[in-house]
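First, the structure itself, so that you have it in front of you.
Chain naming follows the written order as A, B, C and D, and within any one chain the residues start at number 1.
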Amino acid sequence: MTTLLLIEQVLNGLQSGIMLFLMAAGLTLIFGVMGLINLAHGSLYMIGAFAAAAVAAATGSFLLALIASLVAAAAAGVVIEVGVIRRLYDRDHLDQVLATFALILILSEGTRWLFGSFPLYLDVPAALAGPVTLPGGIAYPAYRLVIILVGLVLAVGLFLLIGRTRIGIQIRAGEADREMIAALGVNISRLYTLVFALGAALAGLAGALVGAIQSVQVGMGEPVLILAFVVIVIGGIGSIKGALVGALLVGLTDTLGGVLLPLALSGIMDASSATTVGSALASMLIYVLMAVVLIFRPTGLYGTA
Amino acid sequence: MTDPLLDIQALSKSFGALRATADVSLALVPGEIHALIGPNGAGKSTLIQQIAGGLAPDAGRVILDGRDVTGLNTADRARLGLGRTFQISALAMENTVLQNAMLGSVGAARNAWRFLQPVMGDARLRKQAEASIERVGLEEAANTPVSALSHGQRRLLEVAVALTLDPKVFLMDEPMAGLGAEGTARMTDFLGDLRKEAPILLVEHDMDAVFALADRISVLVSGKIIATGTPDQIRRNDDVRTAYLGDEVLP
Amino acid sequence: MTFKQLLAATCVVALGAGAQADGVKVGMITTLSGGGAGLGIDVRDGFMLAVRGNDDIELVIEDDQRKPDIAVQLADKMIQSEKVDVMTGIIWSNLAMAVVPAATAQGKFYLSPNAGPSALAGKGCHENYFNVSWQNDAFSEAAGTALSGEAGKVFLMAPNYPAGQDIMAGFKRTYEGEIAAEVYTKLGQTDYAAEIAQMRASDADQIYFFLPGGMGISFMKQYAGSGVDKPVSGPAFSFDQGILGAIGDAAVGAKNTAHWSKDLDVPGNAEFVDAFQAEYGRLPSIYAAQGFDTGLLLASAVAKADVDDADAFRAALKEAEFQSVRGKFSFADNHHPVQDIYMREVIKEGDLVTNRIVGTAATDHSDPYGADCKL
Amino acid sequence: MLRERTFNIVAFLALPLVASIALALDEPFIISLATRAAILALAAVGLNLALGLGGLVSLGHAVFFGLGGYAMGILASHAQSYVPLDLGFIVIEGTKSMPIIWLVAVVVSAATALLIGLLALRTAGVYFIMITLAFGQMFYYFTISWPAYGGEDGLSIYVRNDFPGLNTLDPIQFFGLVFAVLAAVLWVMGRIERSPFGLALGAARQNAVRVETVGLSPFRLRLVAFVISGAVTGLAGALFADLNRFVSPTMFSWQMSGEFIIFIVLGGIGRLYGPVVGACLFVLLEHLLSGISDFWLIYLGTVLLLVVLFARGGVIGALSKPDATHD
């Protein structure tokens, strides 16, 4: 394998990490502030993608589609938070898992009922179609570079939001001590709704951005949900920085493992079994990564007990 | 002086720049109540954690009945005879008083690996647990869930569970807290007798109780022991007065 | 006994013994909910279109949720409670493997409207099992034959699971040329950037891939954006009508092999396409065509023989005297299809992305496993 | 309202009652359905020891369910093909005997639970949930891509395995066997709950420091609970494979692990009979709702949601009142 190809694969790994970060950021925020395990986060991702596909089909504008994804997912987030999630904050994780699992069923099948059983069309905007040539001669899809950019901007935005703004102070205080923040006169239930809507909007945006280069279909949220959980657990739950580092680690491991493992194994076995065994091991790799991280750091890389 | 049952030798523990425990040495000899006092933030909790095995010291040793237990965990130390009560009750809240005491008996018998016999039907364990409950005066509440107990009753139950272990040494963290005047008096009498069975390292804020009970007192300030002596010696110690004046008045 | 069963039982009684003797009760287990529902719905709709108005066929339909254990449970229900004579409907190979051997062993007929695992074509073949669709390797064997000599070095890609490995094996079996690389991806993978980079870097002249459902959509969209311009082909599963709409222009120009296409000029096909569109408001897919043919095959057998006479009914099925929308259709000795397989190309008709036939990939194709079958 | 204990007996006896009525009406499918409910209940009863009593929320119990299933699948397929299983260091003959298969399933699951437990129990809370999920996913992807035993297609066993003295192909006899296993395991679990081990394990869930302070190791208690729990779920896996005469990687999927948790919460967490009531209710709902419409999962989701939100203590908690005495 040439160095150039390796660099391109590293870039691919980072890019897939950034896509995961978009999803994981909202999940870790919601967990960190409210202590809620939200399995339905993947459904919000799906809602964002479907809203974007519907609006893009109606208007032809990708920008409007992105806005629609934010609005639809945030709105769905508010409805879900007020209707269901609010009753779950003081429950244990088990009740949360069961209730949000039920929400997955309702939201997935509800979406199928509205949009039908076939995948929807959503494409990258014409201006971003096709590759650009990077220094070194790597031809890289322009749209993926934009995703990396959007992801980094959002990461910086989130760090600033949490670190520098009034709302961020409230969020951090809420993580530390719920009674304290209520005593300070902050409307905690409004804060929670806001944080949930923010997390939902991030998931919806991720769904729309990723949906343009993947398949917009019912059930698209669940594989990503599991990956996003892997990410936030590796990073340490509640930590935005952990989510970013975890996402990049998972993205790199997944991408490079799939490429390098069959290659490495071809040295010790015949080519065809090397590809099958290699890709079998590669598909287990991120879970091995997560288990190893947790064995040595039981609360993730940046987590606190 | 007889050999100490609990010998703490030069324990130190830092958290970053903060020296929570600085070169602390303490000894507990048979038959005595040795009280550890000090203002809030002096490092008492950190020290107790190191003695009980919840926190590893950076340096120093803990010797229990002649055996170096510094490297052992909480459960090992408990098996070797360290009986502990907590400042904030650490009990199985859904279980009854008797069940909590039975847990102590199970621990004392060192056999939780029986899966099919009902624990409540084990006459020997049950007798031991009931005796402990009776000694602290909780027999009336034996079948009450801990969550329904008053704060004071929970303190007594803590002591009762420690009693089931028949420990060589007691480590008690503020057993009087929240007991009220009458309860404190009863607990004071009780501990006064208990020292004959096993010596007590007593951490306590109630100075009346400390000075009434203790054979010796050590004063911990900013992670260091600034004085150790009889109640009279401590009362007259200038350093202690300086450290304490304005905080609490020594009786 | 549920209300529904009670109702069904009442109907059977009401129809009387005569109806029971003439008619046939069909149990359809297919995927109607969740992510893979599109295929099951197409098969069901195609089948229903074929048997519409046929009073001799009573149909019971159940949703397997794409879970093997649910499919097994439903098969038990069909056989033990509903007392069906014929079963059909399963979309996925792994579900078929769970249901078919037990069902045929209990004397039921099974007509496969999709999925043809090699195990059921070879040693595991059964006199009561009829595959009306294809053996899993068929499309890729035909593609291998058709591409031999013109495609140069080929880059192969499929998900790492038995159907993926079978389909790639089928291609390698018939392709006379060099394989540049063979890559197996995770089942359900959604991002193919790493594989596309390998394609770009490899000296392959052509990409041949099998990625069913959403995986194929993701790959095609990403491939189009990557600027890699090697020709792409694969079995029809990644280019079928149900998903072409979601891929859009990115699929145009891709070659794919199938036994059917909506523009196939054989008697009855145009009528089928029109009737399907009129009834359901969408274009039929190959799955719908397979469902339709399965329905026609069943109706042809019911017209000839009583299902209670298993030998006669089996013979009637084996004759396959119906006008397939694929044109020629007959069964080989292992009860798998002998049929022509076409090379299709994805084109754009106005705003509609669809397929047209550009040639014949294999004539009278049958699968290679029949030799192991003792029928 | 019935007392909880009475309610449990009624709910428990409902299974054989349904099976007997089905037998009388000649509805063998209903017997299969009852068998399925009993097996799923058994799997969740296994998980309940770790989850309900020990507080260990494992989202990876499908590992043991799948291992039990594959123990059956592999042994029976070798017996079916008369090719012994060569592990390199030992050659094993396949078998169609249920007791031997059960033993293998239990031993393999317990050994795996020991290994997973040793690693996973270093973590707690959500991290424990996720690390167990990670192990489940590893097994899932491994079996999908490992071609020797069918990969994603799974393994079909054409005839149900044998149990001495029974015709296991007869639905009611197989149900009876499964029900007897379930009853025996419930009896053992009931004993464990009240044993010294059960007391200590329950206390470790409520307050780990308390348990340490009396000289017991919460880690070891939890590990043993996890191993027993995995072994029981493994046994259920072997039975499930025999019910379907089929095993596949979906037995390892995280949705499977999730369903076990759903059974427990649905029935009522921390209750011996919770998983039994939950599993029966779930199978019943699935059966009744799936005919309503193509979108029946919406109804299922709604029912589950309502139970979590409004029936705290699960169905048992909502439909019975607490027992008078507490011991």
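Keep in mind that, in the parts below, a contact is a pair of C-beta atoms (placed from the backbone, for glycine too) under 8 Å apart; a residue touches a chain by one contact, two chains touch by 3 or more.
These numbers were taken from a predicted model, which means no experiment stands behind them.
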TODO: Enter the minimum step count from subunit B to subunit C; a value of 1 means the two chains touch.
DONE: 2
Task: subunit C and subunit A - chains in contact with each - done: D
Open item on the list: Can you tell me which chain is nearest the middle of the complex, judged by mean CA position?
Closed with: D
TODO: With chain centres defined as mean CA positions, report which chain is farthest from subunit C.
DONE: B
TODO: Measure off the straight-line distance from the CA centroid of subunit A to the CA centroid of subunit D, and report it in whole Å.
DONE: 32
Open item on the list: Please tell me the distance, in whole Å, between the geometric centres of subunit A and subunit B computed from their C-alpha atoms.
Closed with: 49
- [ ] Report, in whole Å, the distance between the mean C-alpha point of subunit B and the mean C-alpha point of subunit D.
- [x] 44
Open item on the list: Averaging over Cα atoms per chain, report the distance between subunit C and subunit D in Å.
Closed with: 35
TODO: Spell out, as numbers or ranges, the residues of subunit A touching 2 or more other chains.
DONE: 108-109, 112, 276, 279-280, 283
Open item on the list: Quick check on subunit B: which residues sit in contact with 2+ other chains?
Closed with: none
TODO: Two or more other chains in contact with one residue: find those residues in subunit D.
DONE: 141, 144-145, 147, 295, 297
Open item on the list: What's the complete list of touching chain pairs for this entry?
Closed with: A-C, A-D, B-D, C-D
Task: Of all residues in subunit D, those that touch subunit B in their complex - done: 188, 191-192, 194-200, 202-203, 206-207, 209-217, 221, 224, 326-327
Open item on the list: Give the list of subunit D residues in touch with subunit A in this complex.
Closed with: 51, 57, 59, 119-120, 122-127, 129-131, 133-135, 137-138, 141-142, 144-147, 254, 258, 261-262, 264-266, 269, 295, 297-298, 300-302, 304-305, 308-309
Task: subunit D residues touching subunit C - in the complex, by the definition given at the top - done: 25, 27-30, 32-33, 36, 141, 144-145, 147, 150-154, 156, 158, 171, 240, 244-246, 248, 250-251, 286-288, 290-291, 294-297
- [ ] In the complex, go through subunit C and note every residue touching subunit A.
- [x] 33-35, 37-38, 41, 160, 165, 182-188, 190-191, 193-195, 197-198, 200-201, 213-215, 217-218, 221-222, 224-227, 242-243, 245-250
Open item on the list: Give the list of subunit A residues in touch with subunit C in this complex.
Closed with: 1-2, 5, 8-9, 12-13, 15-16, 19, 108-109, 112, 117-124, 129-131, 139, 141-144, 210, 212-220, 223-224, 255-256, 258-259, 262, 271-272, 275-276, 279-280, 282-283
